[in-house]
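A quick write-up on the structure given underneath.
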Amino acid sequence: MTRDDVTQLVHDAKRKSGKSWKDIAAAINPSVSPICITAALLGQMTLEKAEAEKAATLLGLPADAALLLAEIPYRGSIPSMPPTDPLIYRFYELVMVYGTTFKELIQEEFGDGIMSAIDFDMTMERQPDPKGDRVKLNMSGKFLSYKRY
Amino acid sequence: MTRDDVTQLVHDAKRKSGKSWKDIAAAINPSVSPICITAALLGQMTLEKAEAEKAATLLGLPADAALLLAEIPYRGSIPSMPPTDPLIYRFYELVMVYGTTFKELIQEEFGDGIMSAIDFDMTMERQPDPKGDRVKLNMSGKFLSYKRY
Amino acid sequence: MTRDDVTQLVHDAKRKSGKSWKDIAAAINPSVSPICITAALLGQMTLEKAEAEKAATLLGLPADAALLLAEIPYRGSIPSMPPTDPLIYRFYELVMVYGTTFKELIQEEFGDGIMSAIDFDMTMERQPDPKGDRVKLNMSGKFLSYKRY
Amino acid sequence: MTRDDVTQLVHDAKRKSGKSWKDIAAAINPSVSPICITAALLGQMTLEKAEAEKAATLLGLPADAALLLAEIPYRGSIPSMPPTDPLIYRFYELVMVYGTTFKELIQEEFGDGIMSAIDFDMTMERQPDPKGDRVKLNMSGKFLSYKRY
Amino acid sequence: MTRDDVTQLVHDAKRKSGKSWKDIAAAINPSVSPICITAALLGQMTLEKAEAEKAATLLGLPADAALLLAEIPYRGSIPSMPPTDPLIYRFYELVMVYGTTFKELIQEEFGDGIMSAIDFDMTMERQPDPKGDRVKLNMSGKFLSYKRY
Amino acid sequence: MTRDDVTQLVHDAKRKSGKSWKDIAAAINPSVSPICITAALLGQMTLEKAEAEKAATLLGLPADAALLLAEIPYRGSIPSMPPTDPLIYRFYELVMVYGTTFKELIQEEFGDGIMSAIDFDMTMERQPDPKGDRVKLNMSGKFLSYKRY
Amino acid sequence: MTRDDVTQLVHDAKRKSGKSWKDIAAAINPSVSPICITAALLGQMTLEKAEAEKAATLLGLPADAALLLAEIPYRGSIPSMPPTDPLIYRFYELVMVYGTTFKELIQEEFGDGIMSAIDFDMTMERQPDPKGDRVKLNMSGKFLSYKRY
Amino acid sequence: MTRDDVTQLVHDAKRKSGKSWKDIAAAINPSVSPICITAALLGQMTLEKAEAEKAATLLGLPADAALLLAEIPYRGSIPSMPPTDPLIYRFYELVMVYGTTFKELIQEEFGDGIMSAIDFDMTMERQPDPKGDRVKLNMSGKFLSYKRY
Amino acid sequence: MTRDDVTQLVHDAKRKSGKSWKDIAAAINPSVSPICITAALLGQMTLEKAEAEKAATLLGLPADAALLLAEIPYRGSIPSMPPTDPLIYRFYELVMVYGTTFKELIQEEFGDGIMSAIDFDMTMERQPDPKGDRVKLNMSGKFLSYKRY
Amino acid sequence: MTRDDVTQLVHDAKRKSGKSWKDIAAAINPSVSPICITAALLGQMTLEKAEAEKAATLLGLPADAALLLAEIPYRGSIPSMPPTDPLIYRFYELVMVYGTTFKELIQEEFGDGIMSAIDFDMTMERQPDPKGDRVKLNMSGKFLSYKRY
């Protein structure tokens, strides 16, 4: 059994259960962001052992799947890059359009280094707007300075 | 003269002036986000005519450059994808790791559609943290529903 | 079961039934464009729950398939790009040949922004012509202005 | 001098003149679609000799450029595929999302063959809409049947 | 069942039967070129219903296969491009070496347009030669002029 | 000076002279196919020393160019593959669609081997046709058997 | 059954038998180079009917496999290029490093043409050396002159 | 000045001198293989200081070029892979067709390791043959065993 | 059975056993580096016959798997390059950032040649650090000089 | 002036000076690793202002170059990936062969996270060995744990 198999099993079980990711995530661990839990169920993050077992029970997954959900995955969720799906592509486009701007402004503020994609957190919420509601994403990553040695 | 030539001229002029993007942006138009202005100076957004002229004066750019800064650019700031620069690559990595999670959670909340990368705004700031300061990015994009017809 | 499996089941069922896409689409929902319905059956659009069930009944698809037809798909219908199939390639060629012309003329008329591929509709019809009938495609997409912020 | 040089000269001359594509096209030949003329000025179509000379006079291009504008170009206007520019990418996305639908519906109506991208014409206009104006594109291409022999 | 499955079934059946493509094609329809029939059996062309049934009987293919052989295929016979097989690669090489020569000489003779790959026919025969027999390919494609509009 | 420079010089000189490839080729050497001569002028074949000098005189090329036209070129005339130009792409498409058919029928007739793209010749002519004139290409390549050893 | 299936069966059978390629090749046909026979067993060359049957008996392959071993394969043995395996990559590297040198020296000696990869033979042997034994490869390919016509 | 500039200068000087690679190599250092010397002149190997100076004198290269010829180059002589030039492509094809055979037979003889492309030498000569002369290449590379540790 | 199947079996067995790579490696052969043994279990190195059998017993693998673990693999462990997994990507990034520095400094010290990736060994250990523990990798590869001949 | 121009100027100046990287680095700042300084001179790291000026004086670079050497570069030193140069390719190969082993063993020791390529240092030295001297590389990168949130 591979992690991709588990992701497929999760999709099948979720579809049949009619539950939302939000509810599934809350049931697995309400004190962790639903983004983290969902990403783990999609094969991109690691659940703790107890969470993985709760997930397996909740979704009716086989025992192997619980073990795999607690294992560090080989990351990379997009079938091929650039992403063909329009929702995901828009994020890719933002990197292409704003990439050099991010670089200039972050390094002007912090010096030579990067924003970590590991020591990183994120929230996502609906921002009501009379002209059409908006998706609001707040990202925060630790700045890491290039070490001189 | 191409837009890439203008971007190169901007870099040369900025380097010699010793000014920061923040100061340059504020001088061009303090009521517009420095992200927008910087992105325009890097060939990714459009300045208004008056802004472009102010930019040209400020940076000592030739008249042609002012015309080009007010022209809609052919967007795409990254020399080649995936980006080889580590700071920019981390954003690309976030798309690969969190892409399917974005898709599941945004569409669960909003239905079938996308977050616009056009009707979109963003802020970037330093988030002080005793364990090391963090880069904080807030993004907000209008949700666009797939039209049925 | 994946959405690709459903697409394959749809092709198999359609072939055996001898029905046309036009007839299938009309049976599923006559007030929605057959383009929309066909695209959904090919894994690119979402059917409403009742439509998905009608589709499943009509084509003899298993219950899972009905659930999947009402789920938002991971879009991207072409096995690999550029498309190897000549009919589809001609559209790709139009983008290569006319892409910059679209950009110049649309932005000259509307300003900086894009034609939405989400708030978008399309018709396709036969245009009789003594020198050989023609395919007529009418596309209409909302213009979205780049937001300044 | 290459056709790309001519395209660059056209962009430079147009920028300085302040004229629109529409006006330039009308001045070159008002009885031909501005799409055709603009595409030629962008290196994708061929002008007739007299048109090319009018274009060169109008835009102050050197004599070589007039010769080149009347020469059949090596087509392909996009610097690299997939297009990095959002406006053009949306058309590429339409091919990825609707490609198989085009194939199924056109071939269901016409039999085995393709829509020509050569014996092809197109109009583009603004479609006023209270919810936001729309880009309207009408395309028409001759259907070509696969020949059996 | 996919068209690729049918192609595989055809290869298996042909191998066991010991028949040649020439004989199979003649048995299916002697008045159509064996190139057309063979291409259809390899998933690149469409057989007529009666031909497909004859093919299925001749080769012992299941009923589904007959339906698929009469269906318009998603064309593209080469596993990946450039072709790794030397025989096919030589044709690819001819395009790379002679491509611009074809363009110059065909357009010098016919004006702006292309040689159709749809209204196209071809013969292949052995050309005896004392220095070693030669493969003779005669291709003929309708010239299509770029339409001005 | 590179061979690409020579090709560019040839294009410039031909454009100014108003001569056709056919006439230029005939003037250089009427007993060799204009396809060969044109291909050499486009950097894909080798002219003999006397021909190269005639070509240089005829087109007003510098002495270096004559030396280069008689030098064996690094072949490959297409800026990038797949070709973006529609005329050349149609040949590429023929390889994708008919590639496996070529392989099956040539090897059925000749055994294991290839059609040479080196010991190869070709003619191109206009085939008048009331339904629209056709491009006629006759190719002939020596069959080379795979050697067993 | 595909040729790849046969290659896999050959690997499985060889592994269980404990036999070497050298011994297998000698048993199939001692008067043909073990390189040829091994390449055929790996799906890159064609065995004669009697050899294929001997191979099938020797390795316990099913009857279909014998038929396939005598069929001309679709060549190309490397899963993807550039080769990821270090032994094979070194040959790829030799082409990158020495490719232009081969071209200059072979064409200086023989004129315009190529070394055939079809009318080609090769030996491989161990060359004892006190500083470490060496792999010795002798290749010989017929020179083919570009034909003028 | 880059090494590519030097390679271009070498080509220009050689062309004007009318000398062969063989003669140039012999004049630079007759006790080293002309393959080595030619490869160095093409930017793939390193000349010793005295050789580089002799080369510069012989070919009339500037002093910088002599320094560069004695510098270790960034190797990789082929403009893009796969090589578009037919002579070089045939070597690439040999790797694709015989790659796995090389691997099996070399490792069967020598164990786990590779043939070095660094401690490697080669000769190239004309092999007269009544059926057409042949190119004979003898390669010899030290076998390097994978180290266990 | 392929080597990839074995790697999958190893992962499944390890997961169920709850054992670490370190323990498994020590049980297979404590006098060989756990890096070597783990790499072999992941399909990149070769185990000796006795080790392979011990591995099969320890992990409950079928007899075929033991044979395959002692067979030289087709190397290349990354599903696709560049690696999508962040941990592995960082090593790829180091090559992109420091590649030319490695080249300059190694060749300045040792002359023209390479660091072998075959006669190569490596250790990996935890380096405690109050600011956060570090991964310490020590690599050592034999320097191989380019041979002149 | 771009950073690539500076790198080229550095190479030219170093070549003429006859100095080694080691000496240049020591002259610029003896208390920083020559790897860091060399990487900066090759456009991959940032020098401090005083160091950049010392570098410019030492190598006779223009004032602009000093400014650029103190600017954060757009990283990525390899012309194209995979690297064509054998010395650098061997590091790329190590990632392909050992990538999954690194992942398994680092994450087994440290948990879910990565080895930083930013808070990273490295030494390189000659390791004398009677069987041939070895290149010794010691790398140390901070382990960064994936943050849960």
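Residue numbering begins at 1 within each chain, and the chains themselves are lettered A, B, C, D, E, F, G, H, I and J in the order written.
The definition used in the following text is that contacts are C-beta pairs under 8 Å (C-beta built on N, C-alpha and C of every residue); 3 or more make two chains touch, one makes a residue touch a chain.
Quick caveat: nothing in here was measured; it's all calculated off a predicted structure.
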{"item": "Partner chains shared by chain E and chain J (touch criterion as defined above)", "value": "G, H"}
{"item": "Path length in steps (a step moves to a chain that is touched) from chain F to chain I", "value": "2"}
{"item": "Of D-F and I-J, whichever chain pair has more C-beta contact pairs", "value": "I-J"}
{"item": "Greatest separation from chain G - chain, by CA centre", "value": "B"}
{"item": "Angle, in degrees to the nearest 5, of the Cα rotation that carries chain B onto chain J", "value": "70"}
{"item": "Distance from chain I to chain E - Cα centre to Cα centre, in angstrom", "value": "47"}
{"item": "Chain B-chain G separation of Cα centroids, rounded to whole Å", "value": "53"}
{"item": "CA centroid of chain C to CA centroid of chain E, Å", "value": "29"}
{"item": "Sequence positions of chain C contacting 2 or more other chains", "value": "35, 74-76, 78, 82, 84-86, 93, 96-97, 100, 103, 107, 113-114, 116-118, 120, 122, 144"}
{"item": "Chain pairs in mutual contact under the definition given at the outset", "value": "A-B, A-C, A-D, A-I, A-J, B-C, B-D, B-I, B-J, C-D, C-E, C-F, D-E, D-F, E-F, E-G, E-H, F-G, F-H, G-H, G-I, G-J, H-I, H-J, I-J"}
{"item": "Touch list for chain F against partner chain E, complex", "value": "20-22, 34-35, 38-39, 42, 44, 75-78, 81-83, 85-88, 90-110, 113-117, 120, 122, 124, 126-127, 129, 131-144"}
{"item": "Residues on chain A engaged by chain D in the complex (per definition of touch)", "value": "82, 84, 86, 89, 93, 96-97"}
{"item": "Chain H residues touching chain F - in the complex, by the definition given at the top", "value": "8, 12, 15-16, 79, 84-86"}
{"item": "Touching residues (chain side chain G, partner chain F) in the complex", "value": "32-33, 35-36, 45-46, 72, 74, 100, 103, 107, 111-114, 116, 118-122, 144-149"}
{"item": "Contacting residues of chain C [partner chain A, same complex]", "value": "1-2, 64, 67-68, 71, 74-76, 78, 117-118"}
